[in-house]
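For reference, chains read A, B, C and D in written order, and residue numbers begin at 1 within each chain.
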Amino acid sequence: MSKIHVTTQVNGDAVEFLCAPDETLLDVLRDRLNLTGAKEGCGTGDCGACSVTIDGRLVASCLVLGAEVEGSAIETVEGIGTADALHPLQRHLLEHAALQCGICTPGIVVAAKALLLQNPDPSEEETRYWLAGNLCRCTGYDKIIRAVLSAASELRGENA
Amino acid sequence: MKQDFKILGTRPIRPDGLDKVTGKAMFGADKSVTGMLHARILRSPHAHAEIVSINTAKAEALAGVKAVITGDDFADVENSATRYTMQNCMAQGRALYDGHAVAAVAAVSKAVAAEALKLIEVEYKTLPHVTDVDEAMLPGAPVLHEGVKARTLGDDVSGNTVGYYSFGHGDLETGFSEADEVIERTFKTAAVHQGYIEPHACLADLGGDGRGELWCSTQGHYMVREVCSEILHIDASQLRVTASEIGGGFGGKTTVFIEPVALKLSQKAGKPVKLVMSRDEVFRASGPTMSSSIDIKIGMTKAGKITGAHAKLRYQGGAFPYEMVMMGAMSAFAAYDLEHVQAEGWDVMTNRPKMISYRAPGAPMAVYAVESVVDELCQKLGLDPIDTRLLNAAREGTKSSYGPTFKAIGLVEALEAAKAHPHYSAPLAPNTGRGISCGFWFNFGGQVSVSMAINADGTVSLIEGNPDIGGSRASISMMAAEALGIEFDRVRTIVGDTASVGFSDVTDGSRVTFAVGIATIKAANAAIKEMCKRAAKIWDIDAEAVEWVDGAAQPTGHNAGDFPPMSLAEIAATSGKTGGPIAGHHEGAPDKAGVSFGVHMVDVEVDPETGFTSIKRYTAFQDVGKAIHPAYVEGQIQGGAAQGIGWALNEEYIYGEDGRLQNPGFLDYRIPVASDLPMIEAVIIEVPNPGHPFGVRGCGETSIVPPLAAVANGVAHAIGVRMFALPMSPPKILKVL
Amino acid sequence: MRYLVAKDSREAVALLNTGEDARLLAGGTDVLVRMKLEGKTPDLLIDIKEISGFSDITTENGGFRIGAAVSGAEMGEHAALKAMWPGVVEAVELIGSTQVQGRATMVGNLCNGSPAADSVPAMMAAGAMARIEGPAGTRDVLVADLLEGPGKTKLGKAELVSSVFLPAGLPKAGDAYLRFIPRTEMDIAVASAAVSLVLDDNNTVAEASVVLGAVARTAVFVPNAAAALVGSKLEPEALSACAAACAAACSPIDDRRGTIEFRTKIAGVMATRAAKIAFRRAGGKL
Amino acid sequence: MARVVIFGSLRAFTGGVEMMEIEAATTRELLKKLTARYPALFDTIESGVSLAIDGEVFKDAWFTPIGPESEVVIMPLMVGG
């Protein structure tokens, strides 16, 4: 199989890579670009651990081909917040102890950020349904939902 | 034993949290090295088959394939438990379940490895199979392994019955004769999987000289080292195992499934090999927990006193001998103070993946059955379920159903908290029922090693040997800081590899905060002793005349007040001149882990037209001894409750007539999603464990024990019919409506 | 496997017609999953997302034409479409997670041929037409006429569905879709129902369409269930007649997702509940 | 003399005896004397047991002290998740 040359943008930086035609975006990110923040929990779009956004749209990167992202702008967890300047979502997840093993956390961060961009004031129910595709086996979701709602409140400028 | 703490009981940000919210944390599949190969495993499509032949020639000939192995590549080992583990990793002679590994390939890319698998030709001769526990126990059932039947059993059960246990005291006949009401029921529960989101993954590099490096996602890298070095016939000292960040385990990563395979491939290919399971492989070939078939008989007086209790537990644990039903038999009646009680258990093999621990292994299904019958008795006799449990509750001094006499325990406190909670008196909507259940887990101690260095800048580096599965680096740092009298952020705890700190048992049994905590306190005390000695030298007084108060050495006795206190940082700063580096370490095997009881309360609503059950409100009460980091203790309680809810309602291993697993994916193996659950209120009860200096009890496992019966009892009250099998999926509920 | 981006539908049709094992890629949420689970790839994967119009939702004759590459999320964000055909949009939005919604398409859901496809009953109840491009040119057929059986459609060799047309909604009309799943999300429908109603000035059901999913080899119209609703204001007798007609129309299978008995029982429950929602949406009062 | 209690199914190897008194200062000594008295227990004890000494659970480390009035319950080796 001859490789495909793809030019795209990842976390704001121009990126070029070669990938096999059947290689997923998740494999490209992890194996070719060394961005291992997105995880493969299932490979079939059922767990959300590989969540990224493409042109702002939340997707499961295991269900996207690397070849498809030519000319797109991709954001992964590595593009959200830094140690010195965490995104409020990341900070609230930490403050609420909303992670135990942490394998689902990158996907939760990416998915919740996409939620708050679209709906800055989600209800608990809206948040739960939005994140239904992000499986977490450790927490029972309680603290994750609280963290997202309190991050939303802070982002709206309310007293968190 | 009420103590005042500065740091314990606070909620600092966990030290590994930053890496986890930014995607930096390295899990099992996240590590790569140059020149590494990618491995894949070929698995049996049959529930039970003789492997007549395996032809790997075509696969080996494929460009890019560097090694192919089968069961023949593994030499025998002496220890039978290790042999079973090895044969579970790679079949020898027979494939014993759908998904059993029969060959493996290492190649230059994932794609080539996948292609090579298709070129391996395996000739199978299918054999009769059995996947149901009751069928597997019948004489005449296909027997998985000959000669391993429990030695006390007779001809009335098949050779698959590898274990028999019995616990209890008193006389059952007397007990039941004193009852006003006796209920006897049979239950079935499906096998469920731990469902960790991170599939098993490792990166192995083993040279021909027997020196190796292994990176893997595990609950115990020393266990991995011991098992792998035995299987590979190399010295333990030559295999360094590093535990990656672990993406969930819940008991499922307390053994090896792929590591010996990756090491063998690496040895054969002479290159590093990365091996990552797919989700399908996780379900088909890594251990779920047991399925069960259970008989319960309980007698009760009109006043609610339990007079006699008998449990018969038949557990199905997959394709190899195992011991686990005893944990269920010991847990079944632990919550009750009983005069006449017996719990018996049988461990049974079937053509399914070998079971492995899942959070409080063996207890949830046993307690589900017992608590269902207790609830039914309360219903029948018109008794309050909490009052009845209080009347019979085990407490300090109770001779437990499994033998030991309980020290201080917190069951009564948890029941009283449940009774007083507004949830218990809240009104119920139509089609809604409220369920209550107790739960119990032993908690363990076991071997630990901790090494603590006092750095010249006044900070502390702590190395311990237990993978951090739910925030233990935070709790350990907190205990170190508390013991040393310094700030939390002055301590950094890391999980050392097998070459950097002494042996540590697997992270299981809710033991880490307890056992590593004790070792940490003892290591801190050793360092404190040395720091007091240094201060004494500096002050030129007797070492005995120095004590450690609030993070500083200070003169005591007749020297009291002679010198101002000297802080840890000050002592550390001059350590190079006062005798060299200061450190403390402790290696030991702490015992006296205190048992933990929980009480869960749930309101469920059942749609009478579809049988759909929704969880409307959930409150969990648990005695944790002392909550070091209350937020993570709550998290353990909430997480266990959610897993138990899944077990009760929708999770199950579904096998067809052909013995093949029909739902090896998250689409049809249905773990709870965020929209399935309400907030789960965790109420922490603290009855200190007398066996721990800070009163700590393990807290991670008890929480999965009560939800099964709590939900089942809630459903029974909501629909007015009792179900006797899990999961209570909608088709099953609708059928009885 | 080769991956090619088709520039127009003629090229896509030509590529489908090469004799190779070729598949179309729009959202990829079925085709990529199948590649992963079955461990085999087609010879050729044809990406149709770049084809002009395929990613558009356009108004046409008072209705909407939805391109083959329009994602569920895009449909959900289209206020006018959602207002006209809320049942169709809610059906599409039930497919998979938020992540899957970002990619999955209604046309893909149709062409995948699953009897449990969420959008298909809703499209059928709405009278949706599929536009088909093929070697012989373009034709429009009712979505209902495209269904063949599990994993199969009546698309001919080298044909593809380029868009689906949802006709103009009538005044006092409403549609709804409901499915039963064991959890609240992330499952495949065990049984489902779409109902489309038109009310007269009296708020009595004048026209009805009832379609069931996941209870037969394809989604099926249940004319008797529809007839039971016509002339009613969804009185209990009408609803129970509707439910009984639904049960009679079921010929489901037993599998890991549900039993024959269960599917048959709940099909009518889904239909009557969907009917009530559609009725309210049409302006009726219960 | 410590009072030793044998868990139910292990009594198959003690001829049904549930309780006995053994003079022992440590767990090792106790387990040695126990297997000397009931050789059929050897396999089980060799493969590992847990002991509850006065209600506190111990693994079978050799030198755990046993008091003269202690109650020792012999249990199977326990595992967790």
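Basically, contacts are C-beta pairs under 8 Å (C-beta built on N, C-alpha and C of every residue); 3 or more make two chains touch, one makes a residue touch a chain.
None of the values given here were measured: they were computed from a predicted structure.
S.K.: Give the chain pair, either A-B or B-D, that is connected by more C-beta contacts.
M.R.: Between A-B and B-D, contacts are more numerous in A-B.
S.K.: Taking the mean of the CA coordinates per chain, how far is chain B from chain D in Å?
M.R.: One centre to the other, that is 26 Å.
S.K.: Which integer distance in Å separates the CA centroid of chain A from that of chain C?
M.R.: 29
S.K.: Suppose each chain is reduced to the average of its Cα coordinates; what separation in Å results between chain C and chain D?
M.R.: Here the centre of chain D sits 67 Å away from the centre of chain C.
S.K.: Can you list the chain B residues in contact with two or more other chains?
M.R.: 194, 250, 665-667, 672-673, 675
S.K.: Where does chain A touch two or more other chains at once, residue-wise?
M.R.: 1, 22, 43-44, 46, 129, 131-134, in rising order.
S.K.: Where in chain D do residues touch two or more of the other chains?
M.R.: Touching at least two other chains: none.
S.K.: If two chains touch, include that pair; go through all of them.
M.R.: Pairs of chains that touch one another: A-B, A-C, B-C, B-D.
S.K.: Touching residues of chain B toward chain A in the complex: what are they?
M.R.: 11, 13-14, 16-18, 20-27, 29-30, 32, 110-111, 194-199, 245-250, 276, 278-279, 469-471, 629, 631-632, 634-636, 638-643, 665-667, 671-675, 677, 679-680
S.K.: Okay, in this complex, where on chain B does chain C touch?
M.R.: Going through chain B, the ones touching chain C are 114, 118, 280, 609-612, 614, 649-650, 654, 662-663, 665-668, 670, 672-673, 675-676, 729-731, 734-735.
S.K.: Within the complex, which stretch of chain B touches chain D?
M.R.: Residues 152, 164-168, 194, 250-252, 254, 323-324, 326-327, 330, 342, 344, 357-361, 402-407, 441-446, 508-511, 589, 591-593, 691, 701.
S.K.: Under the touch definition given earlier, write down the residues of chain D that touch chain B in their complex.
M.R.: Answer in residue numbers: 5, 7-9, 12, 52, 54-59, 61, 64, 71, 73, 75-76, 78-81.
S.K.: Would you tell me which residues of chain A are touching chain C in their complex?
M.R.: 1, 4, 21-22, 24, 43-46, 48, 51, 54, 57-60, 62-65, 67-68, 111, 114-115, 129-134
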